[in-house]
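Two complexes follow with chain A in common, the first pairing it with chain B and the second with chain C.
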Partner chain A sequence: MNPVRTAEQAGVMECPQCSAIHPRRRGGSACDRCGAALHLRKPDSLRRTWAFLLAAMALYLPANILPIMTTGTLLGSQTNTILSGVVYLWQDGSYFVAAVVFCASIVIPIFKLAVLLMLVITVQVRSIWRPVERTRLYGMVEAVGRWSMVDVFVVALLASLVRLDALATVRPEPGAIAFGAVVVLTMLASMSFDPRLIWDPLDAHDKQA
Partner chain B sequence: MTNKPDIPPGATPGEPARRRPSRWLPSLVWLIPIVAAIAGLSFALNSWYARGPTIDITFRSAEGIEAGKTKVRYKDVDIGQVKSIELAKDRSHVIVEVELTANASGFAVEDSRFWVVKPRIAASGVSGLGTLLSGAYIGVDAGRSQEREDSFTGLEVPPIVTADTPGKQFVLHAGDLGSLDIGSPVYFRRVNVGQVVAYDLDQNGKGVTVRVFVRSPYDSFVTTSTRFWHSSGVNLKLDADGLKLQTESISTVLLGGVSFIDSPHLPPGQPAQDDAVFQLAGNQDDALKVEDGPPTSAVMYFEQSVRGLSPGAPVDFRGVVIGAVRSIGIEFRRDTNSFRLPVVVDFYPSRLGLRRTGEPGALDEDAERRLMDVLVRRGMRAQLRNGNLLTGQMYIAIDFFKGAPLPANMGRSQGLDEFPTIPGAFDELQGKLADIVDKIGKVPFDTIGRDLTAALAGMRETMASADKLVKRLDGQVAPEIVATMEDARKTLKAAEGTFSADAPMQQDLRRALRELMRTANSLRQLTDYLEENPQSLLRGKPKEER
Partner chain C sequence: MSNYSDPRADTSLKLCEHCDAVFRRIRLDPGERAYCPRCGTELYRNNDRRYGALLPVVLASLIVFICCNAFPIVTMEIQGVSTRTTVWGAVRVLALEDMLSVSTLVFVTTMLMPLVELGLLAYLLVPLWLGRIPAGFGPVVRLIRLGRPWGMIEVFMLGIVASLVKLSAMATVIPGVALWAFGALTVLLAVVVSFDPADLWEHAEAIEAGYPPAAQERP
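Right after this comes the complex of A and B.
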């Protein structure tokens, strides 16, 4: 790997909002130009990521086990969890919708949680393993994050639209809240993660070498 | 995590003061996973507690039941859902696994009953029409037991009475089911107050047990002195009052039914408990007759033929039936090389005016035996008698026989009291005939013959004197009679003169008759005229005709 000079090594740091360069010792003070707080890294990044990640993981199980909505019709009512909804759609012949819901609601959250977990663990142990790939994975997490909200939107839309009390009702169940919380918490976790932390151990490694 | 890499180790003295707020702020961050964990846990616990018990219900077939779709409903409220349907190992039935909701966990008790609600047409009407649209569901009758149970046998037909209907169930023992069926009505004074809910053959096959349900408030009319009877069918009775036709109602004739009423012979009883046991009599008369209580058995040994005597034949005391024959056997006596016929009979002491065992004032066994002893000493015996000369039916009569010899062995045999017997009526007849022959033998026929000869001689003498008497009559009385006849003829002649045609009395009579005829003639003329001219009565006769 080519030796690189980082901002830290150069003794400067960049304003996260207006990109103005400040001396490194100004850490914690406000930017001269825009007044944003100056930090060399996102403050408390690892700790916050851990917190949001653990919270998301704690809610992941109920989000998938609990029913997310109840659809009531004249002929009886049906309560669906995310997985049973996917199965229902698949059996119904809506393979495309089933696949989309399956990806958005099950694959993506698991992917995000798994990647973030891997990232925080590797950063925590100051691993120097494949920093490029890890950074790319983080970019992917950021990119797909918003798509996992599909299910929550569906429930919210249906619940507000289908209000023919006698004939048909759609009622959100606790699972929807848990699911929404998982989505929001993973977004927050990925937001609070600072990808530059992936590279910090490398600098130390280089120094030692 | 306390060692922050972005804070250089050689910091200015002012720096720790600035970092203080960030000391407790990061710890706030940990609140998020804690809150999330608590929320997640509470969600999970909620759903765990909302899950309710899982129960297995076996049905003969899974017709209309779908896994993951069919609901369990109580009063049209969903209380559970079918999770899976499995075939039993022996393939004789299906096992339906049902997950109840948490608030329905009270349904998973011992006496809850489950059945499949689907459209049904029965004698009592059409039911389950709503399931035509919504599909079948599993109905529940909530049990009241406290015993938890998670395995049930589903009913094939909906129960007649659900547990939430107030009322009581009673158990009736009957000889046969008659025309009863599940759903047959129960009547109290011909008011429909309940239904037959179940019946079953007794274990020993010697009768049936019928369960009836009587709705509240009528269930309070079932008391400890209540009697039940089959009101099915028609009861045709011919007695001294004439022909009587008894039915409860037309529907009982078709469907059968059970009626009950308090026995008029018993004091008013307490309201009966749930599941109280009663006898179900064949008809009202049987149900309401005075109860006999437990019978006392005794054995009677007869030496003569018991042809015509059958089990159930009456035991009669001066015309009152006090018991019945239970069994007839035969026994070889080695000591005398003879046969005797043991007849076991059941007496009902109450019919003899004695108190039933168990009642206050009833005789205990010893006292009963002592009384029997006294009665036997006074000549009480059993005797076979002919009840019906045409059919040859026999019955056993109990009576006092003066001078009957005391039985050789008064005691027990076959574990029963032995009741002494006396030869039957036919044997008695034979004995009497022998008596008569004996007496005839004692008649002094030769003496009678001698007397008879003497009498005949006397009679001959009498005849001779009679002859003499006739001769004398001929001679003396006959001339007198001839003279009398002469006088009589004279008298008759005089009478003839009086009544001859030219006799003066006859002349007068003829004249009178002629006058009378003339009068009648003129009277007829007058009436003829009046008939033609009735006005002449008022106006007189018209002039021109004068």
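Right after this comes the complex of A and C.
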């Protein structure tokens, strides 16, 4: 199916840190150019990804149910979750901020959790389904993950700026902790995942054919 | 240190980091990138032309970074009462509000990691520019690559913009020096992260082999 030569067929491996080419049997030793550990695949990739992913999914609920900040003004105070915050911003006419927060705090985390879950499951069952698309999705997860931090930064900035005791205050709430943890855990999950595992069943399949 | 002194380290091949396909490296023109035909991942690029600009950009980033943290980002006024904040102010307020984990997260992603990356790059680039190879070259390159995903200045910049838009509805908002500095730092860091520190290996090896630093252009 694919005429491309794989590292296994060529008998080589690459240092993940300095790109030096080594023979495959060097796996497990240290790169003699830069000293990094040489592995054929990221060590324990699937198990680590599962662990970070499950932890992220468990924290995703409190991150969305718990309030992330309380805004107090002369007119009274209001406690918002991520979603109610977006709705509030939208009704308030801040369409730009509402859209940014909606994408960064709701669309991207759900996208990441869903894609990573799909990837670990398909790799676990050694699926040969649409490897190019799955690799591309992984690349997207890696690229967009960090942008979820926007809301955490907004809460931090508002809390430190809006401290006009009697007039207005913004207080961070525990949902911000849970949400920050979800962002960090999904980043760790995508870093632990080794996309070459998507291709391994295909290459093994080709070898048998 | 002899473990990296072998300029013959084999880099004739390039493996796709996403699908493990093997390709023979070909010489690219400046600015060109090579992509994996099997999965579409970028394999490598030629940054030679902009390479000379890296050290000035890193030094400029360090200066701008200091401005980002020394001056207030924004001043807010409601009915004659005003408050202002810096990044450190935000970190401190979160810590005071029993949000130590979030405070640490903001500190690490917007102050510590950007500073570590810039400092380590300067540590590598200044001696290389003088034709010497700094101690601990290999571990430092690895450290930079390890820390890179956790520096989030550009995300913080978006957070600042979102906060300003939100605040401008309820108060008079006066942009501070650090706001412009953060904008400049976002642009400078975009240039910095377009370089893979691993490429410095070839540069270091050329110096070790006795080529003058200016002759880094490979045939």
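Everything below uses one rule, namely that the second predicted complex is superposed on the first by the 208 of 209 C-alpha atoms of A that agree within 3 Å, B and C clash if a C-alpha of one lies under 4 Å from a C-alpha of the other, contacts with A are read in each partner's own complex, and residues count from 1 in each chain.
Throughout what follows, a residue touches a chain if its C-beta (ideal position, glycine included) is under 8 Å from a C-beta of that chain, and two chains touch if they have at least 3 such contacts.
Remember, it's a predicted structure, so these values are computed and weren't measured experimentally.
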- Message: Once chain A of both complexes is superposed, is A:L61 in touch with chain B (first), chain C (second), both, or neither?
- Response: first
- Message: Looking at A:P172, would you say it contacts chain B, chain C, both, or neither? Reply first, second, both or neither.
- Response: second
- Message: Looking only at contacts as defined up top, I'd like to know whether chain B or chain C touches more of chain A.
- Response: C
- Message: After the superposition on A, what does A:S19 contact: first (chain B), second (chain C), both or neither?
- Response: second
- Query: Now for A:A181: first (chain B), second (chain C), both, or neither, which partner does it touch?
  - Reply: both
- Query: Following superposition on chain A, which residues of chain A contact chain B and also contact chain C?
  - Reply: 181, 200
- Query: Of all residues in chain B, which touch chain A in the complex?
  - Reply: 1, 5-8, 15, 18-19, 22, 25-26, 29-30, 32-33, 35-37, 39-41, 43-44, 46-47, 69, 71, 78, 133-135
- Interfacial residue positions of chain A with respect to chain B in the complex: 24-25, 27-28, 39-41, 43-44, 46-48, 50-56, 58-62, 65-66, 74-77, 174-175, 178, 181, 185, 200
- Query: Which of the residues in chain A end up touching chain C in this complex?
  - Reply: 2, 4-10, 12-14, 16-22, 32-36, 73, 89, 92-94, 96-97, 100-101, 104, 131-132, 135-136, 138-139, 146-147, 149-164, 167-168, 171-172, 176-177, 180-181, 184, 187, 191, 195-196, 198-200, 203
- Quick one: which bits of chain C touch chain A in the complex? Just the residue numbers, please. 3-4, 6, 9-15, 17-22, 37-41, 44, 73-74, 76, 78-79, 81, 83-85, 89-94, 97, 99, 101-103, 105-106, 109-110, 138-139, 141-142, 145, 149, 152, 155-156, 158-160, 162-163, 165-167, 169-171, 198, 201
